[in-house]
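Okay, so here's the structure we're looking at.
Read from first to last, the chains carry the letters A, B and C; within each, the first residue is number 1.
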Amino acid sequence: MEVLIDGHCHRVLARDLDRAAFETACTEADLPPPPGVSYLDSRVGLAVRRWCAPALGLPAHASADDYLARRAELGWRAATEALLRAAGLAELLVDTGLDDPALLGDAGLAAASGARVREVVRLERVAETLPADTGAAGFATTFAAALAGRIRTAAAVKSVAAYRHGLAVPAERPTPRAVQRAAEAWLRAGRGRITDPVLLGHVLWAGVGTGLPLQLHTGFGDRSLALRRADPALAQPFLAALGPRAAPVVLLHCYPYHRNAGWLAQVYPHVYVDVGLTVTHAGDAVLPEFFELAPFGKLLFSTDAYLLPELYLVGAARFRHALRRLLDTWRADDSVSVADAERIATLVGAGNARRLYGRSVGACGPTRRR
Amino acid sequence: MEVLIDGHCHRVLARDLDRAAFETACTEADLPPPPGVSYLDSRVGLAVRRWCAPALGLPAHASADDYLARRAELGWRAATEALLRAAGLAELLVDTGLDDPALLGDAGLAAASGARVREVVRLERVAETLPADTGAAGFATTFAAALAGRIRTAAAVKSVAAYRHGLAVPAERPTPRAVQRAAEAWLRAGRGRITDPVLLGHVLWAGVGTGLPLQLHTGFGDRSLALRRADPALAQPFLAALGPRAAPVVLLHCYPYHRNAGWLAQVYPHVYVDVGLTVTHAGDAVLPEFFELAPFGKLLFSTDAYLLPELYLVGAARFRHALRRLLDTWRADDSVSVADAERIATLVGAGNARRLYGRSVGACGPTRRR
Amino acid sequence: MEVLIDGHCHRVLARDLDRAAFETACTEADLPPPPGVSYLDSRVGLAVRRWCAPALGLPAHASADDYLARRAELGWRAATEALLRAAGLAELLVDTGLDDPALLGDAGLAAASGARVREVVRLERVAETLPADTGAAGFATTFAAALAGRIRTAAAVKSVAAYRHGLAVPAERPTPRAVQRAAEAWLRAGRGRITDPVLLGHVLWAGVGTGLPLQLHTGFGDRSLALRRADPALAQPFLAALGPRAAPVVLLHCYPYHRNAGWLAQVYPHVYVDVGLTVTHAGDAVLPEFFELAPFGKLLFSTDAYLLPELYLVGAARFRHALRRLLDTWRADDSVSVADAERIATLVGAGNARRLYGRSVGACGPTRRR
């Protein structure tokens, strides 16, 4: 089993949950399904029953009822440890922007998984949690100071501009005056979710200015996102304006626009692509499409797992399975040598992430044991 | 052979036709091909020769000439019965919006196919055939009354807004005043095809208001449609405005935007996806992509067959073949149990349609014999 | 090995080049990769090592270092001849719009490849190289005369409007007055690259007016192109305005919008699709998607090779391999007869190009020897 570095994931729930909540956590839906439909009747549901049931001591393809009964019997803590260990992840880069007391903290996650845990700082959340007395004139400097404080031990920064305004952010860095005006409007409106493209642009440029890789949500997600505005090709002017010496930008997920993302990764030296949530959902059907245009040194793995430890295991297992299958196909028609196939698997599973995200001094959790 | 319910199709021609007309009816083109090109040199053409030739007593892959000679020898009526019976369809939901005296009526279709025939009411056609004395002030109420009369025995309503304005219809229900103004303009212009987004929006909201499933043409079709305006993701604001308790909306065909449609079906409880015309044309190459994001309980089968009984058989055969192949692939790498694979095939082929479209009292034709 | 006609390619470099230049010529990138990334770690890089190494006397999958050492040892001229001969191309249609003294001329290319060489005239370049004394009032007539002079022995004309304004060019032919105004602005601005949609529209209509096939760059390319503006479906209004009796329009490359292109080729009699650069990069993963909607008589092969003779061989080898694999898949599930599979391979590899581009009297190079 290849060592994997999970370049983008979220925290897991530190409590038991009922069937309805479990089902919903397996999809990007947030509402109950209509009568007669189960969210577990899906590629993710099948994958949970195939990969996670054995990790909890059941036969593969155990029924959803049997699986959930077994999970309840073990309790969330034991189930979480069994599932995370089975995922075989050496390192987790956790987007801490989705926070909640019900979620397991970094130390707990490191203990349960046996993996090193590092932080990915969500830029919009830093801005949205600035001190209550922040004024428009001081917004930029206060944000800069807060961000500097947060990134000391972080592996990357991240933006969810795709969820807010979409990826058609202004190409050029917004002027201080424009930022102040936009901050005024945001403060006046009550400091809610930032959706103004000028403020989002400011936050993105500040993120790139940290020198850390910038992870950019692109493609599908939950329904609060307008799918057509999440096409990474909409960010082409912004990516072009950054210039080739900019900090790396990692396009996450990308589906159904992953082929657009592959092209961006081919022609812009600072652009990378992470298969993320896409492989968890679509598996071996889609992974090959990531390998069409992107250089292999630009492809990254992550699970985007959230709430359920099952999603770490499903993401890792589907990725390993899909990558193995892709490389076997290439081998079968003599497109690649055995040695190169192994090298490519190692690059995409961990090597590229190591080169890109480096090693942090402040990482939480046990040292890697592999 | 699994029982299939054809959730969206059209009437067949009740007369013989020459080679040029046959060729054109096999494509979405309406103009003759350039010299040297045959529309039968296509996936659909190959499928006709493979699946339909045996149904007419010829070897598979008989030449187009032999096939058309045999068809002429049998005459349209015998050929139609042989092809429709071979399709093995239990129920046909017929969009009656494309009407013509040259087409076989519901009773004839039921007799020829041995299937139960039910109606899908095309909303725009109801509006466009209102009594000649309908005025702008009375448009909404006259339309409502006409629609109420038409849907009594219908299985679903349907909109071709994609062909008229595109799917970027207004999210919110148009106001009575806006509808009246738009109706005035439409009447002044001579009551032609409705292309005004306000009137189309009104008609869509009225359709959803019937409580019947609303079928929405999305994706490719003939050249009177602007492809880029047929992306179902353009309808996201409208779908979101309907709310989760709305009548179901079925996105038909979807190609090449079927991955967008799958996402909509995952995150909106009331949204479903029908493979329709896409599988007839692209078969096993595309069917797997419908299974990436959509829950299996949200996927439906239809042929979108029109004019040629061959297209019923090709649609059904390609769907069965592609689904069998997809599930065999999943089985081969242990992604699904045998029992689940069978259950999924039954759901998508007929079970979901039965749940969604229910059973009509006024259906035309023999009761199901399977 | 099937005879292939390469319907769209460029000139090769007539000198040796270092590793960095070689790597960059294997991608659409024009900037060096970031540290740790090699552009040869890509599908194209693997294909060079697989297909080109044996043509230069090395084992398949030789390392990039070994390959480049062997290439340097042979020298560019011997390597070019070996690679081009191995590509087995009967005819090359060369876009002469990318010209440079460092590139091999037509006679040299014909001698090295053993193929007949014919010209594809790039419309924008004809306009941009009009005599220095051309005024706005005379722009249209001077351009018409220059174009008439250039096309006498040409096989096709070509437009790179996708790189300039994008494919959303005006549907209707621009009026003489609009063209003169646009020419004035262009002259005033110093006669640089033409990006004005009116001038591009004029040039396109003039191209179609020659009666020669018009090749249209669509889809991906280098980063000077905005990907979203290169969707061939953006050109639907222009294609529709041309009418079915227009000269043929060939949509080149198309990826990631190749499914849109296939639809255009199905519903517009004068529209064709060329797999071009897409198959060189994405090979057997994407070729099947070109065969979904386009009639087989509308599909064409080209390599879009430029600078490196390797790209001719990779394009031809990946195309042959992918097409063989696709047809074998169809055979394996009995979708096509053996005879039809062979006929389709011949059509797409050469027959359609012969019909479309005809035979030129002024072709340069040896007569075909097959």
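As a working rule, contacts are C-beta pairs under 8 Å (C-beta built on N, C-alpha and C of every residue); 3 or more make two chains touch, one makes a residue touch a chain.
Just so it is clear, the model here is predicted, and its values are computed rather than measured.
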Exercise for the section: For this assembly, give the contact graph shape among line, ring, star, complete and other. Expected result: complete
Practice task
Please state the rotation angle, between 0 and 180 degrees and to the nearest 5, that superposes the Cα atoms of subunit B on subunit C.
Solution key: 120
Exercise for the section: For subunit A and subunit B, let me know how many angstrom lie between their CA-based centres, rounded off. Expected result: 38
Practice task
Return the residues of subunit C touching two or more other chains; collapse runs of consecutive numbers into ranges.
Solution key: none
Handout entry: Touch list for subunit B against partner subunit A, complex
Key = 231, 233-234, 236-237, 240, 244, 248, 259-260, 263-264, 266-270, 288-289, 291-298, 330, 333-337, 340, 344, 347, 355
Handout entry: Residue numbers on subunit B that touch subunit C, as the complex places them
Key = 27-34, 36-39, 41-43, 46-47, 50, 60-61, 220, 222-223, 226-228, 255-256, 281-282, 284-286, 321, 325
